[in-house]
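There are two complexes below, and they share subunit A, which is joined by subunit B in the first and by subunit C in the second.
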Partner chain A sequence: MSAPVFELVGVDKSYPFFKLEGVRLQLAPGQIMGFIGANGAGKSTTIRILMGLLPQDRGEVRLLGHSMPEGQALAKRDVAFVSEEMRLYPVVSLEWHMQFVASVVPYWDAAYAQVLLKRFNLHPQQKTKELSHGQRMKAMLLLALARRPRLLVLDEPMTGLDPVARHEILTELMSIVTDEERSILFSSHNTQDVEQISDVITFIDRGRIIESSDKEVFLERWRRLQLEVPACKPLPPFAGVVDVASSGRMAVVTTKAYTPELPAFYTQAGAVVREVQHMTLEEIFVAEVMGSREDTP
Partner chain B sequence: MHGMNSTLLISQADPRPMYLQLMEQICQRIAVGDWPAGHELPSIRALAADVRVSVITVKRAYLELERQSVIVTRQGRGSFVAEGADVGLKLRDQELSDHLRAVASLSLLLGVSLEELGERLGQLRDELTREKT
Partner chain C sequence: MSNPVVRRFILKDINASRWTMIGALLTAAIALGIAGTGDLGAYTALIFLISAGAAPAVFLCMFLVMAERKEKVHLFCLSLPISGRQYLLAKIAAAATAFLVPWALIAAVIGVLVAILPVPTGFVPFGWMLWTFALDLFALMIAITMVGNSDALNVVGIIFFNTSFGFYFFIFGRIPEIAHHNGDAHAHWSPIVFQVIGAQLLIAAALIAFTLWRLTKRRDFT
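Showing the complex of A and B:
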């Protein structure tokens, strides 16, 4: 197993009205991590600490093997960061930006930058203040991608983009990880953006990581069962079941630890299992957040 | 066009998990003869980039297909369609069993007799053959 691309252990950061607590997170090379949380959940704070833009109060942060924030100059040679909040210089062109970035970074793939201009349908002569929101995001992504970084960190890259721009960006992101050494961390408050291309899914809520695992494992473990329950017979409890919603003789059971024994168990208990359904990442996210908020009021 | 050279496709509107969709489409390619025995499958990362799904999803699909002996993976050389695998048929047969099980359980629940089941099935088959001709 190769060393993680980044690693956060026991990271805390306190603000008067917000607290990041005990954040533990890591990513293996060649993987894409989707970082999901509601607005204000702590995604950007976590990312800014990882990038050394914000010092943590406590805990250890390593980025490409460098301790952060002290090692940020070295680490950032191989990391590119794009955030929705970043701005380009308004009065100069995209081409000016490309030349500027090329002159300050250790590696710049000029040929790839030209390919990206075409794929993203961007015009190098255009002043950046004339760019639409989607064009601006694609321009910033171009400036990051042409550096061919080992780690690409994207904070809410899809927010406010039209479907075509999203498609173009997802396609480009997927082409990056054909190289087994390159990784991507990207945050979103929208599960759909992340569901398709992420290998690892991390949920954050109220400053705490509530779950971080392999996407396939996630989608496999969470299931919803539609049951027909005999009258006046309560369903016996089963490990992993997080919710039972009954209406008349029908019950919907949600579990976070599905095994084939579960339907057999309910059948034994006299119920008829009508259907076993997979859940979308969005449904899982909502269930996880609700569950975690019940545990920590 | 970039990223469009694959005929495999993931549908967001399909409620089945993405790895199952991929498995089914790979089996289709094999069943129709596009990918004969010994044909090399795309690498996991290349296919992931092509259909824009995560590497881990493609890996899962390949592992399942391997488990069902539809494909074989040789370390460091790639994945290939298994010899003598009339996989399409095998998987279709499994699918048929699953549907029949559902029919059996529903017909018991509704009290539909075996004769009536047969009759209704016969009608449906007649309709399908008529549509095709």
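Showing the complex of A and C:
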């Protein structure tokens, strides 16, 4: 098995009113990780630690085999990073930025940069202070993608973008990972964007990783069952059931460990299984977060 | 600075500072042009020369350091293959070059003019004191903007900068060994002039050393 492109082991970071606790995360080459969390959950702090912008209080961080933050200059030769917060030099053009980036990185794909200019409808002579938010994000993505990095780290790249711009960017991201060696870490609080492109999903809440696994496994495991339950007959417990919401004779059971035995179990218990539904990533995220918060003292 | 990426960052910032450097040289040229046009001309030339020597310190720190951090452009820079410390060292190197090149050029031109022209030179010792004081202000602004990382401290630094020359004239301009000879035909190099210049150079060096030392301890580059 190839070495992970990045690895965080037992990473802690404390602030007066926020704490990142025991973060353990890794990504295999060629995979896209959707990193989902509510605002203030710790996504950006985790990414900044990964990129060497912030030191961890405890724990180990390795990026493309380099220990962070010490090895950041070498690691960043093959890692591109775009964040919603990031800005370009306002009084110079996109072309200036392209030339500058090309002069400091080990590889710059000028032909691909031209393709992206056309695809994103960007004008290289335009000063970046004249760009709209969507154009600026596309410009930063162009500067990152034309480096052909082994790892692309995107911190909330879709925030504030219109649906067309989101589609353009997602399409481009999906096209670059046809190369099995390139990986993406994509943070967002919007589960729809992440669901479209990710292989691996990681949920973070209140500074702790609450779940991280393959997207298909996630979607397969989480189900919602609609049951009709005879009056005065309580539903027996079953492993993996995280929530039971009852209204009269109807009950909705949410499980994080669905197996085909579950409907049979409820049928045996006297209930009628009306429907077994798949859940969206957003529904799963909300259920995970609520479950995690109930478990946390 | 053998690292080619660091060198490229320094050149980028020097290029971005070119108008500040040109502005300093033009201001000094205007000062020299009007210096011999009477008392008002001489006074205006003095103000212009002080501005040419010292004001770039504020401009450079504002545009190269403060604005870049405030506008979050530093995050773009730090997404490139450079460490946080290398990035800040490149900033100091670029700011120092952009400040010292016009500072040294103006000093050299004035030195040559004073040597070859039949002009009174009584003010030259105090002029050198003022000129080296500009180095302290530059080093102080660098320390405040690079180490402080606070808007309030930056404002305090700029206020201090703006008022400092007034206090400098008030404190050092009234020292008898200096004040009594400013209007002389020939320069009078009393020991106190050398002591003040030496102390100012030491202070500038200490401030830069402190800034570099603090940067080796810095680990948060957000």
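The rule we apply is simple: the second predicted complex is superposed on the first by the 296 of 297 C-alpha atoms of A that agree within 3 Å, B and C clash if a C-alpha of one lies under 4 Å from a C-alpha of the other, contacts with A are read in each partner's own complex, and residues count from 1 in each chain.
Note that a contact is a pair of C-beta atoms (placed from the backbone, for glycine too) under 8 Å apart; a residue touches a chain by one contact, two chains touch by 3 or more.
Just so it is clear, the structure is predicted and the values come from calculations on it, not from any experiment.
Touch criterion met: A:105 reaches subunit C, while subunit B stays clear of it. Residue contacts after overlaying the shared chain place A:215 against subunit B, while subunit C stays out of touching range.
Using the contact criterion defined above for the overlaid structures, shared-chain residue A:95 touches neither subunit B nor subunit C, since it reaches no partner.
With both structures placed on the common chain, the touch criterion links A:32 to subunit B but leaves subunit C unconnected.
When both complexes are overlaid on chain A, the residue A:21 reaches neither subunit B nor subunit C. In the superposition on chain A, A:12 contacts neither subunit B nor subunit C. In the superposed model, A:69 lies in contact with subunit C only, and not with subunit B.
After overlaying the two complexes on the shared chain, residue contacts for A:197 are found with subunit B alone; subunit C is out of touch. Shared contact residues of subunit A, touching subunit B in one structure and subunit C in the other, are absent. Interface residues of subunit A facing subunit C in the complex, by the touch rule stated above, are 48, 51-55, 69, 72-74, 76-77, 80-83, 85-90, 100-101, 103-106, 140, 144.
Subunit B meets subunit A in the complex at residues 2-3, 10, 12, 15-19, 45-46, 48-49, 52-57, 60, 109. Those residues of subunit C whose C-beta lies close enough to touch subunit A in the complex are 4-5, 8-9, 12, 71-73, 75-76, 78-84, 86, 219-222.
Against subunit B, the residues of subunit A that register as touching in their complex are 30-32, 119, 170-171, 174-175, 177-180, 192, 196-200, 214-216, 219-220, 272, 277-278.
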